[in-house]
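Okay, so chain A shows up in both of these, paired with chain B first and chain C after.
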Partner chain A sequence: MRKINTYEKSRAAFERAVKVIPSGIYGHQGPAEGCYIPIEAFPLYSSKAQGTYLWDLDGNRFIDYMCAYGPNILGYHDPDVDAAAARQRAISDCTTLPNTVMIDFADLLVDTVACADWAFFAKNGGDTTTLAAMTARAYTHRKKIIFFKGYYHGVAPWTQKIDYAGVIEEDVMHNLYCEWNNFEQLAELFDRYKGEIAAIIAQPYMHGNFMDNQLPDEGFWQKVRKLCTDTDTVLIVDDVRAGFRLDLAGSDHYFGFEADLICFCKALANGYNVSALCGKDFLKNTVSSMSYTGSYWMSAVPFAAGIACIEKMKRLDLPRFLIEKGTKLTKGLIETSHKYGFDLRATGVPSLFYLRLADDPTLRLHQEWIAECVLRGVFFTNHHNHFINAALTDADIAETIEITDEAFAVLRDRHPV
Partner chain B sequence: MRKINTYEKSRAAFERAVKVIPSGIYGHQGPAEGCYIPIEAFPLYSSKAQGTYLWDLDGNRFIDYMCAYGPNILGYHDPDVDAAAARQRAISDCTTLPNTVMIDFADLLVDTVACADWAFFAKNGGDTTTLAAMTARAYTHRKKIIFFKGYYHGVAPWTQKIDYAGVIEEDVMHNLYCEWNNFEQLAELFDRYKGEIAAIIAQPYMHGNFMDNQLPDEGFWQKVRKLCTDTDTVLIVDDVRAGFRLDLAGSDHYFGFEADLICFCKALANGYNVSALCGKDFLKNTVSSMSYTGSYWMSAVPFAAGIACIEKMKRLDLPRFLIEKGTKLTKGLIETSHKYGFDLRATGVPSLFYLRLADDPTLRLHQEWIAECVLRGVFFTNHHNHFINAALTDADIAETIEITDEAFAVLRDRHPV
Partner chain C sequence: MKDTTVLARCNLYAVLGAIPHLLKLDPEAAALVAKKNVKVGFSVKNGPKATLIFKNGEAEMVKGTEGCSIKLWFPSPEKFNALIDGTGTPIPVSGFHHIGFLLKEFTKLTDILSAYLRPEPEKLADPVFFERSTTLMLYVIGRAIVQIGNHDKVGMFSASNITDGKIKLGIGQDLAVAIHCQENHLLFNPAPNHRGVTSSMTFADLKTARDLFDGNINAIAAVGMGQVRISGMVSQVDNINRILDRVAIYLA
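== the complex of A and B ==
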């Protein structure tokens, strides 16, 4: 039997944190936001990271399937990316004038991403979704933006919900909402708001939280693309989460269409802090006309890291490799669940698989299982997709299956048929 | 006579950049935004940086008075900050769970900044001004925000002007504008919009572009503070630009009042990418209730850099030192202008001095002088405040005066009395 983790040091650290930080740990990485990991199993703080492993403050080791919620795509401390970043750091990082590594990075993105004629760099994924929305409004002289229900496009007020703290009705009054894969409903919105729709913003497939992830229906994206083209509406793909785990040429390319604007962050530089908006030529002058910048947006180190990251992902043909690993893992997990008479479902593209134990519609059984996995060293979360990284080995997958087997056994003991 | 810079390599790089990056170099660091440096003198790209010096792509060396527009406060490649960052990088940076260095940094800010009971970390200065505005709206259940004319609070749509590309009227319809130092006008706004004003947002003094910088009139901030307290309005100080160059306890502390929320970025970690919102206890629960986070907001390396930066600034009693250096420099510049019959004015706090040649209201003479300085290796800009950093020596100041003397001589030759 595996050792069961305990978290004394993390608990003590959290006590200290809540005194000086709102929520202690805010946002998706904290215990307050939803119930991503049952609190009794949540390790809270890390002490080190290497490859596919994360150690918490109490010294427990985890096979980390969250990958910093995306950024860790090559493995923590990837030697090639870190070496490129260190070389650039010795020269310059955040300076009064940009370094030409910025141009090299833009060149590489234009060469790599199918729909990219240009690249614009910032810090947050949300900087790029906001710039995309502003670009669409400036270009079309229209105001309305269509979102697919279950979306996440960052935390700027215009992306949030009216009942969120700090959001006012004017922030979201031009947002329209459509069901994923429902082209008829989308076409109705275009009819009803003829000449008013600036953009559609969408993730390449529906990888929202608290729901099975849904791939696009056959032909859905092609119909959306045609509708946008026919109505001069800007088609924005938010590839912040999925980017480079489906297709290095962009997740739009994976699904056989071309976005007008595509947003990248997370996996772009293996954790070095940079995001990018790429887009088509006809929108370049509009972006040039905007007042949009930030204190650190031309920092050179993340550009060097991004170049090394993309070059290595190309060498490894990485998305294919990650999808294979994810397929092997999820197949193993599902088989293990059947062994104990449970019905585990895996949805989404396997390189960012979403899990749900379908035996209990309240999701409590699923949460119990996740807790038992985490307590034994497999870092899953309840209701968010997971991420595969390049450092994950077959031995790690085997160990994961072994641990989840034990977790299913515990669950079956506790809930006999 | 000094060598006159030429910029062949930078020009060639820019040609390459405009093909793949909107504007080539966007925002405040680029040649398109206003006329910060006359284009014939603008070096465009850097090749390396050290201490107070920046080298451009053509190998020209500059004494850099822009300091990456603020972040460089201890000197480029400060050994103490870089060592702390490297130590943390060897452990972990962007991971699934935060490192406790995040708590250490919050503790240090709470100990350092007078009005801070807590700290919240993000990436852009604008992340913190937006969070501040959302917090004020959530806390007060009011919508309107008062800005002082000449302000800059980032690039989020709500901070911009109605005539900016991509901004719609709903983004800015609850913004109210007041003249700096005009308390009567401010009080009138509070009368007219009684019970509707969520916040005042302001830089600690008016350091807008294209205008002489204006310190607060005696008692102005104290009256503003009282008005906010009496009306339960949140007082937000945007210390992104001035922070740590006036007072390590906050620029509000320098002017003898306390903000409710204070925004930091730039000088916080000597160029490592991090920003912070600090605030008073009564707003902590409101911040805890918000959905506000980002992919890289808990990256550990910038936290370690920030701790080292603040500790070193404390050891050096840095703001006093920077103000002394700035005073010495601006006094020398003004005296040199008088030598040639010109009337150079320096305004603002000397650690972030603003320059204007008052002999020509069209500002063209000023731009000519700036160009002659830059062409000889002193990196000034036309109509933006400058920044002093800790690595600036008396020898650098002497060299600066010598170069500006030559620039004034050229100007007088060209424009005889």
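== the complex of A and C ==
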């Protein structure tokens, strides 16, 4: 039997945090986002990380399948990326004039990403989705943007919804919504708002939270691409979450089409803070004309890290490797669930798999199982896709299966057939 | 941004709709109507219509004003809202022989309700008052969620994202209400059982609930501290919470 984690130091830190930080931990890593249920099963703060492991304040070690919600693609503290960053830090980072490493990084992205003729750098994924929307509006002189329901494109007001705190109706009045994979509905929107639609923005497949992930239907993207081309509408792919875990040339390339604009962040530099909007040549002048920048957007260290990260991902043929690892893991998890009479489902691309225990539509059973895994050292979250990184070994996968086996056994004891 | 018609619905169905609960919680309130058999109708032009039926010391609210003993008519939602704010007076249009009930018992009843819903801070030191006040607030909030989710523009958007099911809002182990969602339409259930609950949000105790209702603690931090527990289909709870935010706008 595995030891059961306890989190006294995490709790104490959180109590300290809520006094000086709004909600203690805000945003997607916050404990109220629906990913940490029940809260007692989860640590809240880390003390260190290495490779595929994360340690919390109480000294518990986890095999981390959240990978910092995506950035950790090569393993925490990857020596090649860290060495490149250290070399650049010794030269320069945030300076009055940008370092030419910025050009090197842009060159590399243009060479790597299929639809990229240029690259524009920022810090977070939301910086790039907002720039993409502004670019589409500036280029087309149109206002409306189509989203697929279940989307997440950041936290800028235009990406949120009318019922979110701080968002006003005018922020979202030009947002149109369509069901994923429903081309007829999409075409109807284009008929209804003829000449008004600036862009479609979409993740490469539906990897929204709280739902099974859905891949594009056969031919869906190709029809969307044609519709955008025929109507001079900008097609934006938000590859912030999935980027480089499906295809180093971009997830649009993986699904056999070309975006006009593609947004990258998370896995771009293995945790160093940089994001990039890449796009086609016809939009370059539009982006050039826009007022869009930030204090740290030209810092050189993350560019050096990004170059090292992409070069290493290429050497490892990383997406194939991650998909293989993810396939092996999810196959093992599903087989283990069947051993105890449970029906675990894994959806999405295996390198960023989504889990759901389908035996209970209220998801409580799923939440119980996840909790038992976390308490034993496998860091899953309840209702978010997970991530594979290059440091995950077959031994880690075997240990994960062993822990989840024990968690299923506990669950079956608690809920006998 | 408040819609005055939605506010009227909240005032009628949630605030006055709490009177049946008040009679169960407060013996003094129940005694006022112990021997009364009166149906008080509220008719708001371009707004909601409902009747409070008092019988044998209990009350229930039904939709419409058919068969009421005394009917109060309001020319607009604004005029009805003014009544609830204490700045307007009702216009009886029928049942004048029950005007005494309206001026005496019913007025006292609403005064007691107001005392619980807008309490003097020192009164909350009394644990019995505190419990009744917080319990009534839960009922008012639950009923207001339904009105806002079904009729307020932004609330309807939130409701449109709620999958069918039964969302339980509880305080401790013993007190709970539920919101039923069917095809994005919400219904209030003041006494839910556990069957069919698809998601829940449970406040650890009355104090936590009170502090959250009064805005004295942060809901997200409270989840992190384990003072508020969510489980099940948490996207339902998430959307109910978005409507809950609007309850504060309407009824603060």
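Here, the second predicted complex is superposed on the first by the 414 of 417 C-alpha atoms of A that agree within 3 Å, B and C clash if a C-alpha of one lies under 4 Å from a C-alpha of the other, contacts with A are read in each partner's own complex, and residues count from 1 in each chain.
As a convention for this text, contacts are C-beta pairs under 8 Å (C-beta built on N, C-alpha and C of every residue); 3 or more make two chains touch, one makes a residue touch a chain.
Since the model is a prediction, treat every value here as computed from it, not as a measurement.
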item: Touching partner for A:363 - first (chain B), second (chain C), both, neither; value: second
item: Touched partner set for A:393, first chain B, second chain C, both or neither; value: neither
item: Partner chain in contact with A:222 - chain B first, chain C second, else both or neither; value: neither
item: Which of chain B and chain C A:70 touches, first, second, both or neither; value: first
item: Larger contact residue set on chain A - chain B or chain C; value: B
item: Contacts of A:44 with chain B and chain C, given as first, second, both or neither; value: both
item: Touching both chain C and chain B, counted on chain A across the two superposed complexes; value: 22-23, 25-26, 32, 44, 164-165
item: In the complex with chain C, residue positions of chain A that touch it; value: 14-15, 18, 22-26, 30-32, 34, 37-40, 44, 161-165, 169, 210, 361-364, 367, 382-383
item: Residues on chain B engaged by chain A in the complex (per definition of touch); value: 13, 16-17, 19-23, 25-29, 32-33, 43-49, 54, 56-57, 64, 66-72, 76, 82, 89, 91-100, 102-103, 106-107, 109-110, 117-120, 123-127, 130-131, 133-135, 137-138, 143, 154-158, 160, 164-168, 170-171, 173-174, 240, 265-266, 271-273, 275, 284-299, 302, 379
item: Chain C residues touching chain A - in the complex, by the definition given at the top; value: 153-155, 157-158, 165, 197-199, 218-221, 223-226, 229-235, 237-239, 242-243, 245-246
